[in-house]
Structure formats: C-alpha cells, structure tokens
Amino acid sequence: MRTLTYREALREAMDEELARDENVVIMGEEVAQYNGAYKVTQGLWDKWGDKRVVDTPISEAGFIGMGIGASMLGVRPVMELMFWSFHSVAFDQLVNNAACVRYMSGGLCHCPIVVRGPANGGTNVGATHSHIPEGLFAAFPGLKVCSPATPADAKGLMKAAIRDNDPVYVMENTILYGNTGEVPDPADGDFVIPLGKADIKREGKDISLIAHGRSVLHCLEAAETLKAEHGIDAEVLDLRSIRPLDVDAILATVAKTHRVLLVDESKPFGGVSAMVSHLIQEHAFDELDGPIKRVCTIDAPAIYSKYIENEQLPNPRRIIEKALTMV
Amino acid sequence: MRTLTYREALREAMDEELARDENVVIMGEEVAQYNGAYKVTQGLWDKWGDKRVVDTPISEAGFIGMGIGASMLGVRPVMELMFWSFHSVAFDQLVNNAACVRYMSGGLCHCPIVVRGPANGGTNVGATHSHIPEGLFAAFPGLKVCSPATPADAKGLMKAAIRDNDPVYVMENTILYGNTGEVPDPADGDFVIPLGKADIKREGKDISLIAHGRSVLHCLEAAETLKAEHGIDAEVLDLRSIRPLDVDAILATVAKTHRVLLVDESKPFGGVSAMVSHLIQEHAFDELDGPIKRVCTIDAPAIYSKYIENEQLPNPRRIIEKALTMV
Amino acid sequence: MSDLNFATSPINQSLTPERKIELFTQMVRIRRFEQAAAKSYAAGEMGGFLHLYIGQESVAVGTISLGGADDHYITAYRDHGHALAVGMGMNECMAEMYGKQTGCSKGKGGSMHFFAPDKNFWGGHGIVAGQTPLGLGLAFALKYQGKDGCCLCYLGDGAVNQGAFHESLNIASLFGIPVIYVIENNGYSMGTSQERSSAYTGCLAQRAEAYAIEWDVVNGSDIYEVRAKTQIAMDRAKKESKPTVLEIDTYRYYGHSVADANHKKYRTPEEIQNYKDNYDPINVFRRKLIDEGVLTEEKSDEIGKAAQEEAVASVKFAKEAPAPTIPDISTDVYWETDNNTEASKIGHHFFA
Amino acid sequence: MSDLNFATSPINQSLTPERKIELFTQMVRIRRFEQAAAKSYAAGEMGGFLHLYIGQESVAVGTISLGGADDHYITAYRDHGHALAVGMGMNECMAEMYGKQTGCSKGKGGSMHFFAPDKNFWGGHGIVAGQTPLGLGLAFALKYQGKDGCCLCYLGDGAVNQGAFHESLNIASLFGIPVIYVIENNGYSMGTSQERSSAYTGCLAQRAEAYAIEWDVVNGSDIYEVRAKTQIAMDRAKKESKPTVLEIDTYRYYGHSVADANHKKYRTPEEIQNYKDNYDPINVFRRKLIDEGVLTEEKSDEIGKAAQEEAVASVKFAKEAPAPTIPDISTDVYWETDNNTEASKIGHHFFA
C-alpha cells in the first residue's frame, strides 16, 4: 500500500471533501496563501481558490463563530485553529454556540462544522501553547471529539468528521505531522473511519494500555520493550474517537487482560483518562485484578525547556515503569 | 449562634476583608450601584465607595484580565462573574494568564485574585447560563477552586480565598443564596476555613455520599430518607474545596463505608466526580465492596423547562434510587 | 431626535394602507403578548428570566418588515419582538416560556431562545454579543451560496463592549459580508447607563468607522425612520456586499428582566414617563396613521382587543400544553442520534 | 514618513551625549543578542519558537528610555528587545532560550516569556493580545495605589483584531487608566499583510478614536520621534490619567519566527532591502549621532564589537548552564506551595 505522512493524509481528506461537496470551505489563520502554519493545507488554496480556502484575521472568536453561523445555513466549514490551545479565546463559540444551539432550539438547527488543529505538548512552546483539550471538549454534550494517531486514522476520521452533521473537533498533533504510514489509495474507494470506533493497535493479554493520539505511539513503543525485556504482552487500544467513545472495546480489552494502564497527555486532574477509569471500574469492576493506573502529563503548566519537557509528558519510559508496578 | 443567609455570609466575608486589607477591591458587572445582580454585594458600594467597589462594562475578558494584571502588582481583586457560565468569554484570561503566569515567569509573579459568582443549574435559565465548571478549572494546575454548600463554609472559604496568594475561583450557587445557617460571630474571632479541607456533614457507616456545593444538601436530604425508610446509614462528605482536594478525607470515608456514591452537578463526561472516582479506585481499591457509582446531571445541555430541569440535575430521589442499588 | 419626515421616503410611500395596518398590528401584538407573559411570570407560572421588549417594538417590526425570502435574523435574549415580527405564532412562543413540549424550542430554550429557521430566524441567544459572530456567519453563508440576501443581527448597547463584536466588525468589513448590526440602544445594560458602560464620542455606532464600515443613528420611535434607514443598509448589503452598523435609539419600559426591581433606581420615573408619553413607538405610529387617515381610533381599539384576545388564548394554550418528559432531556443534542443514522449507532454518544 | 525634526523636541534635547550613546548601544546590543540567538537556534540548540525583534529596536529602546521608577511594561512573544531595554542581562535571557535553570524564567517560559518584575517588566506573552487586559490591570494597580506611573503595553498589528484589545480600550477610557497601547506595526502578522488582516481607514490606531482615546502614528525608524511622541502619551497618562494608543511603524527583517521560511514569498526581497537601506533604526540613529558629533564610526564599531562579545559570552553562559531537573517541573505552580505556607499543607494541590 502507498504511504503518506499524517499531514498529507489530512490534506488528502480535505481535498477529497472539497471536491465532493461544494459547501465544504477551509478557513483559518494562514491556511490559504501561506499554506498553513504547519503546511497541512498546502496547495489547497492554489487548487481551490479564494472562495473555498479562506485566510482569516487573528480573531478566533469571530471566525469560529462565523463558521458556526454559516454551518447553520448548510455551509460546512473546516476551520483550523493554528493551535488548539487558542480555543481559549474562542471558548464561548466552541462550547455554547456550537454545542448548545441545536438543543436550545429544540432540534431546529444543527452545526455541521469541523474545528481542527494541533493539540499537543512536546514542542517547547510553553504553557499557553500546549493545552490538551480532548477531555475538556468531550465533556460538553453536543460536541464530538476525535484524535487520530496514524496517517490512515487521520484521513479516515477527518473525512467522517467533515461529513458528520454535528460539530466535530479534530485534535491533531504537530509531532505526528511528519510521521508516515500506509493509507489506502483513493482509487480503491472512499476511505472513511467512523467516529466512535476504537482500534486495537497491538494485541496482548497481560495488560491493556489505553490511549489516544501520540500516546498510542508511546504505548506501542513501550509494549515492544515490555515484551522484549520483561516478557509482558501488552494490548494497546487506541481510542481514536473520544466522543462518541467505544466503551465496548474498552470493556472488551479489560475483560481480556484484567489490568489497565491509561496513558493520557492531559493533566492528571480530569482528562479523558479519568472518565475512562470511572467507566471501567463502574462496568467491569469484577474484571479488574488491581487498580487502574494512569500515566499523564506531570501536574504543572507545560514547561518550556527542551531538556525536560519530554519528561513532563507521557513517554515510553514512564509507561514501562508504571506497567512494571502492575504485573 | 447567630444565623446568616449564604448571601449575607459571602458579603460579610468580603466586607471584613475590605476592612482588613486596603488592596482588596470588589469588581464586576452591577456589583456597585446596583448592589449585585443577586445582591451578594449589597451595601458594599454605599459603605466603601467608588474606589473599592467597581462596576465594570460587559467585557469579561477585559475586566478579568485587568484584575489579573492588577493582582500581579499587589492589588487583591475579588471579581464577580454575574454567572460563572460567563467564563466562556474570559476563558483565556482565566486559564492562561491567571493559571500560567507564575510558571512561565519561573515564579517571579503571582496572582492573588479571587473570581466568584454562581455556578449552578436549576433556575431555568437554559444551557448557556447553567454551566458547572468546578472540574473544568480544577484541571488547570495553578488554579484553586472551591464550592461552599452552607453559609458558614461560604464565609470561611471566601475569606481564605481572598487571603490566598494564588488565584482562587469560588463557585457559589444562586439557589443557595437565600439559605440560612449558623455562622460564627465576628466578635468571637476571625473565621476562616482553609482551602483543601473536606467536611463530614453527616456521619454514617453504610455508604459514603461524596459531593460539593448544592449536591451536598441533596445528599443530606437523601440520607435522611435512606435512614428513615431503608435503615441505611449514609455518611455525607462535603468536599468544599476541589483544588486543593482533601484526598485523605475521601479515603477515610471509603475505608469506613466501603461503598461510594459520588454526586456531582456536572455533566457525566469528566467533572469532579470522575477524578474522585479514579483517585478512590487507585488508592483504596481493596476497600471497595463494589463499583463507585455517580449521580450527575443527565447528559445534555441544560434544559429550560421548569417541569423537568430538576430531573436533569442530581436530586434526592435520584440519589436514593442509585444508593439503593448499591447496599 | 430628527425632524425629517421619513413617511415620504420611497420605501414608506410604497406601503399600502393594509400593510401599514399590518405593521401597526404587529407592534400591538408584541406588546399584548408580552403584557400577558409578564402576568404569567408574576404569577409564578414561568421559570427563568423574562426580558420584555415593550417600548422597542418599532425596531423589530420596522427592520424585519423589509426582509425578503433570503434575509435572515438573529438576536439576543430579548427576542420576543423579533420572533413575532418574523411570523412566529403566539402559541408556540408562549408555550416555550411556559416550558412546554409544544413550545417553539420544545421547552428546551425558554424565553431567551426562540428559534424559527423556517422563517429565517436563528434565535434568541443568551450570552451577550455571542450572537454577533453567528450573524456574521449567516451572512457569510448567504454570500457563499450566492443568495440575494443579508443578515440583520441585533445587539444591545451594552453588548458593544464585548470583544466578539469587534472581531466580527473587522471580518465583516474585510470580507465584504452582507451583515447589518442593529444596536438597539435602549440606554441601559441592566442597571448601567450607556455613559457608565461605554466610552464613546458621538455615539456607539461610530465604532464602525475605524473598520471602514458605514453607520447611522436612527430614531427608533418612528417606524418610518427605522424602515427608511434600514433599507439603505440592506441595499448596501445586497448590492455592494458591505456591512452596516445601525444604532437605533429606543427605550425599554420595564426592568432589564421582570426580576429587575431596581429599575426605578437607576433611572427616574420621569424619564420612563417621558418616553411613554412622547416617544412610544406604537402611539407615535398610531397618531401618524390616524393623521394619514389610514387608521381610526375604533380600528386601533379593535386591533388592541384582538391582540389581547390572541395573547390570552396563547396563555391558555400554553397552560394546557404538555410538559416535556424525562426522555425529552436526551433528544436534540446530536443531529445524528436524533436522526438515528448509521453514525449514531457507533460508540457511546451519551454518558451517565 | 514625517519630516519633523524630533531631535529638537525637549525630551530629546535633554539627552546628554552619554545617554544618547547608551540608547544607541542598547539597540545594537538587542540586534547582536538576537543574531547570536538566531545562530544557536539554527544549530538546533534551542527549542520552540524564536521571534526576532531585529528591525524594531527603536521601539522598545525609545519608549522604555522614558520610563521612571513607577512605569511598567508588558508585551507579546516578540519580547527580547523589551527585555534588554528594561535592563535584563543577556545571560539570563540567552539561558532562558536555551531552556536552562539560570534563565530568567528558569527555563520554564522560553523565548516568548521573559519576565523581570524587579525591572517592572511583566512579560513576554504568547497568546495574541492576551497581554492587553493585563497591561490595563497593571496600570489600574498604579492608579489604585496612587503611584505616579503608567503602563506601556505593546502589541502587534495583527493583535488589534482580537476582542480582548477592544474590551481593554473601552475600559481604559471609561475608567481613565494610565495605559499606553503601543501597536508595533511591522506590516505583517505572520504571512498576512496589514491590508489582509485589518479593515481600517487611515491607520490602526484610529480604532481608539471611537473610544474617545487619543492616538498618534509614529515613524519607528527615528528613535527621536518615538521618544517625543511617547513622552506626550506618558504625560497624558500621568497628568490626566488617560490612555493613549500609539501606532509605531516599524519592520521586521526576519520571518515571523525563525521557522518562517515563507517570508520572502509574502513580501518582496526589495521591500526588505529598502527598509534595511533607508529606515533601519540603528543606522538612522547612528547617522544622526555622527552628524551631531556625538558618535564616530570607530566608537560605533567598538560598541558593535562589545555587544557582539557580550552576546557570544551569553551563548557560552547559556550552554554551560545546568538544565532543569524533573523536580523543577513541579515548582512555581502555586505561590503558597513554593513558600511552604500553612495553606500549602492542607489538601492535595497536585495530582498524578
């Protein structure tokens, strides 16, 4: 199969959906003429022109709200936040207008909007630029959230997100943009990965490592070491989609391994992992051989120093150390 | 002991701190001349004047940010959000500037600011005005969050919050403002309740009901019925402070009753309760006789209809029903 | 206030007597509807807030009277006037305030959240100025889809101090978006007068100037003026694809919401009385129509009576309507689950 | 650009030759410091972003040169110039970019987050315009505490389109806050020219007008003009407790950040060269000082060489400095826990 980078996979998804539906419009800061701060939208403005690929001023509340308003009339905006961290200046639009307008209207409106961009630490850009808001937004009923870890998932989930008739927030990762992976050829048919379906990225029987986004890759790396050096056979479940959430897949892996380590780039108070932990103990209490553990980002604002930021984040070493305390 | 309303208790706390420290300044929409949308600041402008009690325009990002900036120079703003729900338009200031500026400066700054206001459902004001953001803000290291349930706690925690040298977000409740309770007389000494100390509001041995804010009162009411009608002796632990969190008190009640029902006005994905659930199963796994359960707000934006909103929220009936499935 | 006679401007001269009566009737209906709602609210029959539009009727009726098939509307929480002006029925509106299943938003939105997308009305929004980027987006969509329409986006005098409004102005001008921001300046944001909430030189609309946006100030007590000046803005939106900011001076007789008992403290009873006596948009229009020979005192009374009866009937309708049930809490969250699509069957959308 | 000779304005005439040399030296030091940083960055020795101030040195140096004991400063992420201008040392700044313990923010903030409260410098802020309400607050505090000072709050030309800035303008005017917003207009926000990001008539500072705030446009290539016009604003702040918006026209030679490889696509090389040749603030000032007989070519070269050596030494200092350790991650989160107070011992402040 052909390989693409994660970045190219996202771009291909947008390009295909631009072709498929004339209501799809790409918007955001520097997405058009500059080709995107991280080059995800490279070439799309050249190909699709001013109408379909639109540069916006630095006014996230204004332009995200504009996208939400346009979506109520059937436009399907795919909006880039240069960093998902900039949600902080558009929060009202993101959690009130997008999430609640359908409900408050008794179902008379809906908002087929996608908001996308990178949401990760690890690039030494400091506390305000390194928020990990998957859990934050998944907490709002009315919103959907996904977080792909591989190029194929990036393409498939992005296409599902654009076609979805509810607001979907796609959390990408600057560190993954350059990663390569196999992605089905468009010639072989439309490639869409539905929201709400987790994916076992590695089979195992001794312990379940449950994660999403870049943490999945850390889990896979840790699993190799656990196997090679400790004979521990870890299963790695990639949630992919946070809301809807594949609770069945979570419970299935727990029933298989009886030990759970959640890996979550979020800060420890809350995050996706606190919710998954609660769900597991509630619905699979008797399946657990011991407490559910987590590896999260160390509980402080994101540190800048490149010498230490990777230690603040989940990483294979921290995952292995924690796993070894459990089996 | 004398009794005060929750509203009066908050006001007395602010009044005493205005007297104690000339850097304390009350700010917010309608807090001065109008005496506060919910009359919490009634009379303070008359008594303290324009300098100490300041009306602001409807510009939450602007005035909250202004308060944070002023706090870096030693002013101690106590800022009202007319509803905590309006955090959405000031989110950047609340989670980046207040929470991170100390860290990003390597400890050179700090922000002794209090942001306060009601954070609750139950008053038929619809989805955008009924957010319950305790868990949301507690997720940000650098912030502190508390949520008093009684007049005495309201006064004591507010005074602690104002004296604290870190940003403290006090989550009040419009429905509690009129409740009365005993509050120590100022003549008997300075009454401060430290952040980070939970309070057993009712002793029991069969099940622990853990809650904060108005849910504590629902738990107490449910506990009476559980006792009277079912002979179940429920302990009610009021967290009071969400961050810092009294983990020891939580683990102690679990060790006593071995059964835990968390009651949280938050939406079910996340919230304070998901975190408390994770902490309990992690640190008291062997103490649990069964899964930790929760009663949260039913998972949808807040409904307006007064016929049904109380059913969406935690209430004594829902608590009792859930508790009965557990013992 | 201006001395020009806007009755003679073409857009008003083109009004038939029947249409004039219709506009008058709409204003009267809004007032009677809200008076009935205020009574129900006082009787404890409604929850939440009740923000009355009484005194401002000419703004919604005058502006919306100009709208065509592709013109759209969005406003803040003080939304009853706009709702009736776009053609929503009293029954569904009253039932909404009563929190009933047959309310326009099924009892989920309440007084602040009336919606009728089929009538191009997109709410009813509770966060001050939160609707201003949405209005921009509605107009963006019209332009994107090549429709010959514009969006009228209403906001209050206090709302101009929210950042989202300014971000919207810049984008509207930069992108050439056919949106008209209508500042309904009733002089107060809750208990705060314009002087205490806003820094300005001449007026609030002037903030548009530095964004290269045209603006105007309108005497809201004269529906003819409202129509004449709004028409200019709508022409600009449709023919030039350019935004406008209109500041329409108006007044609310009641408190910020019905719960606002302070409202005679932050303004004098004389001020209120003066407006009622001299600038009430319904009275002003009635007098004009009588002078024009279009309306008689008797006809006016009849209209008032009919509106009153319609309002009373809507209260009855609302009272008798069924309340939502617990399962209703969980619908209208996601389009996909409501429509039972394939996508809705994958994964858990809801949690407990 | 203006023809007036600002060298003769009183605030500049009062400058001693030594002080003039000092200002010149500061500008040169900023440039050399950043050139050294750019080299280290290119060598992969730093993480994150690096936003160079080169081309804009007159703004920070000129404005801050006017500051007294109670004047305070806050800016965005392009903060190296302001940091050195307030008197921070190259070592602590370079070490910060290297992510070292001896950095001004202990390696926790990086290039975007230099702080020196002891020198009245409050950062270094990464969220576009997020610092504008903070600057308002600093100035609020000065007024509240009766200090004879003001706050200079810097922002970019792209930042004027963030709502928080407009909210700040309104409050500043309404409350009479001694804040001066300095728009450092370098013509671009990342790859977007002023024309593509902002709607305006004459200039960006004009947005102040509708808030009844005084404003002015300043030729940033002339440090005398920067000082003369900023002094007027500072006098207004201190004597009248009124805000000002100054738009200082300037230019950045490098890309938005060093990682911005596109920067010759969104503007022509000729445009960059023209600025360097004709408007470079260091060259312009050097020529003036030479004409004035205050500076010689040799002295100028000496200053450049000394600055260069200082910068090189700071790189050495930074490289040799210790990196933070894992326990360092958990300090500087809460004042109370850092100071081991009673309050810090109650409850869990941190989670795992």
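Which chain is which? They are A, B, C and D, in the order written, and residues in each are numbered from 1.
The criterion applied here is as follows: contacts are C-beta pairs under 8 Å (C-beta built on N, C-alpha and C of every residue); 3 or more make two chains touch, one makes a residue touch a chain.
Note that the structure is a prediction, hence the values are computed from the model and not measured.
Two chain pairs are in question, B-D and A-D; the one with more C-beta pairs in contact is B-D.
Most remote chain with respect to chain A, judged by CA-atom centres, is C.
Separation between the centroids of chain C and chain D, computed from CA atoms only, is 45 Å. Taking the mean of the C-alpha atoms as each chain's centre, chain B and chain D sit 39 Å apart.
A separation of 31 Å divides the Cα centre of chain A from that of chain B. Mean C-alpha positions place chain A and chain D at a centre distance of 36 Å. Residue positions of chain B with contacts to 2 or more other chains are 57, 59, 61-62, 88-89, 92, 96, 103-104, 126, 128, 141-142, 243, 267, 269, 275, 294, 299-301, 303-304. Each of residues 105, 107-109, 113, 125, 127, 130, 161-164, 167, 170, 174, 196-198, 332-333, 350-351 in chain D touches at least two other chains.
Contact residues of chain A toward chain D in the complex are 29-30, 33-35, 37, 55, 57-59, 61-62, 86, 88-89, 123-126, 128-129, 267-269, 294, 296, 298-301, 303-309, 311-312.
The touching residues of chain C, when paired with chain B in their complex, are 46-49, 99-100, 105, 107-110, 112-113, 125-130, 158-159, 161-164, 189-192, 196-198, 262, 266, 323-326, 328-330, 332-333, 350-352. The touching residues of chain A, counted against chain C in their complex, run 23, 25, 51, 54, 56-57, 59, 61-75, 92-93, 96-97, 101-110, 112, 141-142, 144, 160, 164-166, 194-197, 241, 243-247, 275, 279.
Every residue of chain C that touches chain D in the complex is listed here, in rising order: 161-167, 169-170, 173-174, 196-201, 206-207, 209-213.
Contact residues of chain B toward chain A in the complex are 61, 87-89, 91-92, 95-96, 99-100, 103-104, 126-128, 131, 135-136, 138-142, 243, 266-267, 269-271, 273-275, 277-278, 281-283, 285, 288, 290-294, 299-301, 303-304.
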